[in-house]
Amino acid sequence: MTDRLKIGVLGASGYTGADLVRLAARHPNVEIALATADSHAGKEMGEVFSHLARLDLPPLTRWQDADWSSVDVIFCGLPHGTTQEIVAQLPADRVVIDLSADFRLTDPETYAEWYGHEHRAAQLQGEAVYGLTEHNRAAISSARIIACPGCYPTAALLALLPLAAGRLVDCDQIIIDAKSGVSGAGRGLRQNTLFCEAGEGLRPYGIASHRHAPEIEQELGAVLGRPIVVNFTPHLVPMSRGELVTIHLALAGGARVADLGAALARAYAAEPFVHVAGAGTVPGTQDVRGSNDCLIGVYADRIPGRAIVVAAIDNLVKGSSGQALQNMNVRFGLDETAGLGQLALFP
Amino acid sequence: MTDRLKIGVLGASGYTGADLVRLAARHPNVEIALATADSHAGKEMGEVFSHLARLDLPPLTRWQDADWSSVDVIFCGLPHGTTQEIVAQLPADRVVIDLSADFRLTDPETYAEWYGHEHRAAQLQGEAVYGLTEHNRAAISSARIIACPGCYPTAALLALLPLAAGRLVDCDQIIIDAKSGVSGAGRGLRQNTLFCEAGEGLRPYGIASHRHAPEIEQELGAVLGRPIVVNFTPHLVPMSRGELVTIHLALAGGARVADLGAALARAYAAEPFVHVAGAGTVPGTQDVRGSNDCLIGVYADRIPGRAIVVAAIDNLVKGSSGQALQNMNVRFGLDETAGLGQLALFP
Amino acid sequence: MTDRLKIGVLGASGYTGADLVRLAARHPNVEIALATADSHAGKEMGEVFSHLARLDLPPLTRWQDADWSSVDVIFCGLPHGTTQEIVAQLPADRVVIDLSADFRLTDPETYAEWYGHEHRAAQLQGEAVYGLTEHNRAAISSARIIACPGCYPTAALLALLPLAAGRLVDCDQIIIDAKSGVSGAGRGLRQNTLFCEAGEGLRPYGIASHRHAPEIEQELGAVLGRPIVVNFTPHLVPMSRGELVTIHLALAGGARVADLGAALARAYAAEPFVHVAGAGTVPGTQDVRGSNDCLIGVYADRIPGRAIVVAAIDNLVKGSSGQALQNMNVRFGLDETAGLGQLALFP
Amino acid sequence: MTDRLKIGVLGASGYTGADLVRLAARHPNVEIALATADSHAGKEMGEVFSHLARLDLPPLTRWQDADWSSVDVIFCGLPHGTTQEIVAQLPADRVVIDLSADFRLTDPETYAEWYGHEHRAAQLQGEAVYGLTEHNRAAISSARIIACPGCYPTAALLALLPLAAGRLVDCDQIIIDAKSGVSGAGRGLRQNTLFCEAGEGLRPYGIASHRHAPEIEQELGAVLGRPIVVNFTPHLVPMSRGELVTIHLALAGGARVADLGAALARAYAAEPFVHVAGAGTVPGTQDVRGSNDCLIGVYADRIPGRAIVVAAIDNLVKGSSGQALQNMNVRFGLDETAGLGQLALFP
């Protein structure tokens, strides 16, 4: 075990933290040396998540009681706003892989506008690297703080970045109709995530006001070299895991639908986790449940000059904990797929 | 019982037929006098649908054995293509309320293109009236053949017709991102509607090729006086009932988002079943499960000059059997809400 | 409206309260004159339950602010323990129909043992009548306080009482393996009723310690004339509504399995809501979703001398609000089925 | 790859076959060299199961076209009745691990009674070894034909065998109330496994007539040295994966409830996949989804002298494909946990 990376998981009592533990516990190069969960400090992880009860894990502690010298990498799955304060107090030579939203937005004003308070570690905001692995590998490989993308931005940007980069679509008319399973809302107690409320029904939420919109806009804007605004319309779907974005696009610059598919195929030809769906197949979240895969499909619209691009991920894996480990692999020069080989669980 | 309308239900062994029976059995002015189901002829309805076993219903027969003189109104819930042949053989003075797609498209060529064969009762196609009750009451009230809209067109057109009529939106850029529960696919045995396939996952289907697209286009085109083409992108959602359309629209003619809401509120002010959601609320299929309601909400997009309109129905009620009974009520001068007062079942 | 019974619903913000409103709003002899919900006082019911937003209802108030003179009947859907204090303060000529557990147990010691505190209105405990309609009609018809049974006891006792009365089974070896949808746990925020926790999984809970056990034992004991103890093992099932008890029984006194079926058929021959399943059919909760029905089936065990009895109800209807209205109908001499004619919603 | 065991999967188009492929594809000592699926011969596995589309697998063939020389081990996931004919034709030196029911019952008469025809390879029936790994390791390690237990018998026998062996319970009064997810019924098209039929509801099936009953009885009878009969009452639960048995038992021979827990703890102390739940915890299928674990809990009944034992597994893993690979590991002297380390997927 001595050669293994020692990781700490802050906020291990959420779904994201649990899925990180699930994957990290089987990662060949990782040892889970620290796990915090303030409200459950003193408990074993298996008391909080019974499916993890057979693992040999350190007991849960308060983050204030953590011995940072025991870990090489710190994963933060804390509520938004908390992470920035903690990261500012960490030893400066610890790699931080943040699953919260705290370091995703690089502009302090945008952060303050969307999160309702000034950033409490603005000096670190600039240092953080956006952790969309496939599009930011070089920076990730030497970053100290890696801000893992939100689940929706992961799916949306994997589908959109190559199209925006190629100027193949009108980026001022991007419509992202998004659908998520309930785990995206976390394990906190909320009425709308009760079984009886979310079950057997579908409802949009956060229309034109979801915090993942500015994140998508920031990354697309960086590629375009100018600010843009997108439609982002999420829906809560009666399933636990899975996220699908249906992106409605106007073609630009003379591009045809086939050009979109070709651009995506080219962009991801060598990628282990991002796949362009073959002709006649349509991605579903069923295809990626529990895996780190992202599936993308491109389809002609009935309206001439338009296309539909669909992307499916598991929101807790590629949309969160899986991508976080993928970033760790990149950062520490490990095989990028290490610990992420789980196939989708179907049915 | 003698004053009651005697109805026949053809195709009573499908979900649509069963829901028609569920509602009609409690309709104060209706007697179910005939029910057919070819593959189950000779059985009791309760053997085919155990939730209806406590009703006093006629035994199921083959439609060829039906005594048409016993009924005043004939509801057809038969597979597409079958209805037209049967209707052509019925006594000309029987009112037909068709829940299939056979008489929805009025243009023979469009029908042939989308259904793969020449219409077998083209002479009746022109006679049929499109049964979107709220928008076609006058014609319905004296029609002999009423073609009830598809489930998706019901939701989409209730949301779109007032906006198209008012030239408030760009009808050449209508994007209908639609989501349906599994009952929309019927009770036939299909792999993709098995619990294990449709459960815990979400997948688009029929992208740019679903037969409800030309139906929406026909009715919008009639209002506009010219042909149009729409984006129609349905998804299969892990729930049994419920349908939600999320319509992405570009404003036109100087309209503001508030004008859309006002136009819809005006159009449906006196309607018993169509409701515009109040500020701060978002329609969900949970709100209409089992009821004949349609809820519509209007929201500003983040992209300037665009709006998002959401409509939710129960696909088997307002999207099929409920609307069929509503049309019967209109046709026979009954209280339009008779038999349709069931509140949504939640949770 | 003047001839209608004016009802008050205390605790209208729970699932039980909402389902009572759903049914009462369509009851031909009822006017909802009062609705309380402490934490939502001042809101409209439609803000708390969007599926009820189209009803014309009084605004929610605190129960302390209720004008009791405005109502003839008071339905209590309050948390256990609260009801007894309120009922003690009500005008003595108001009929109280209690959906909580406060007046189900008649023995003060048993109450204190299972609910952890002395009963705060012990003088009223004796006055309360156990509201299992089919077995207690005479007492209900003149009661001032009607204690509606718990959901599980409703299903279990409807199946067991005729068998116990006929000494057909060994009442010292009754095994009640029970399964409930999640709505049985109420709308309060609890981790185990989140969609992600209860979905796609099944787990027993409250083994040998659920409060519905003493209630079942009390009523069976009353029939037998001696105290008994039963096995009661509930499970949480990933569905919103529905409850099914699978009762494993040893035959007694020379009874055969057919005798059990005959006893049940005899007991419920004239009942509008309790039905014995025909040969070859097995009750499922799908058959009763949203209806006031209880279905019971009797089956031979493979072990000689044993039988299996299955009963299915909708826990929110026959298991709670529907039975409460049924009791009101009995109490006020109305048609017992008034307002309870809704057929099961399937699928 | 040359050192890997080459396996063939017959019947790869069922859920069991797919889950075997999912696990085997990540097994460090296995190469999938052959996969058959008669109705899909010529297709790629990824066309039949889209979640497996990124694997490099041999194309599906008819079993008649299989080159048996290419494989060391043959897994049969074929419909009951088919396997026996195929196995009879295989080279006698190939190890067969059968996931069907064909070789589970050792008595030809019992087989004929429950499966409706004479066994077609009765000479092999005696040769087959019952593959409940934890209880039959020695025989499995040298068997040519390993008959993997049914999913229900796996859970039931893991819970019951140590208790029966210790004469701790009355084996003539064993009541197994069982609950299964829908995948247990396979991928074939059946009305009762449609999403709309199995969703949002619970129903018993196969009461006193399910084919897993004689299998449980056979294995318990072998331990007891005499034939027994058990109550086995399965229910179809609205989830895809997971199986839970709730076993109601009368204590025997002076045993106390704690003795049952101790006997189970002793029996499985060294087992990697079978775990006795700690005090205060109750197994749920959520704890084992996708994993090869079996969790067992023991609880006192309210009825004196009785106990309740609960066991949870994933029906497709420990209940089928996972146990099959576990048996392969035992048979070929591999690490018994190889390829089976996947933690449960929760939520």
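For reference, chains read A, B, C and D in written order, and residue numbers begin at 1 within each chain.
As a convention for this text, a contact is a pair of C-beta atoms (placed from the backbone, for glycine too) under 8 Å apart; a residue touches a chain by one contact, two chains touch by 3 or more.
Predicted model only: the values in this text are computed from it and were never measured.
Listed here as common contacts of subunit A and subunit D: B, C. The chain with its Cα centroid farthest from the Cα centroid of subunit A is C. Mean C-alpha positions place subunit B and subunit C at a centre distance of 36 Å. Rounded to a whole number, the gap between the C-alpha centres of subunit A and subunit B is 39 angstrom. With each centre defined as the average position of its C-alpha atoms, the distance from subunit B to subunit D rounds to 45 Å.
Under the contact definition stated at the top, the residues of subunit A that touch 2 or more other chains are 15, 183, 196-197, 199-200, 238-241, 284, 286, 289, 347. Per the touch definition, subunit A reaches subunit D in the complex via residues 15, 18, 22, 25-26, 49-55, 183, 199-200, 240-241, 275, 278, 281, 284, 286-291, 293, 341-347. If you check the complex, the residues on subunit C that touch subunit D are 172-173, 175, 177, 179, 181, 196-197, 199-205, 207-208, 213, 229-233, 235, 237-242, 244, 246, 248, 282-286, 289, 299-304, 306, 308, 310, 312, 347. Taken together, the subunit C residues at the contact with subunit A in this complex read 15, 182-183, 187, 189-191, 193-200, 238-240.
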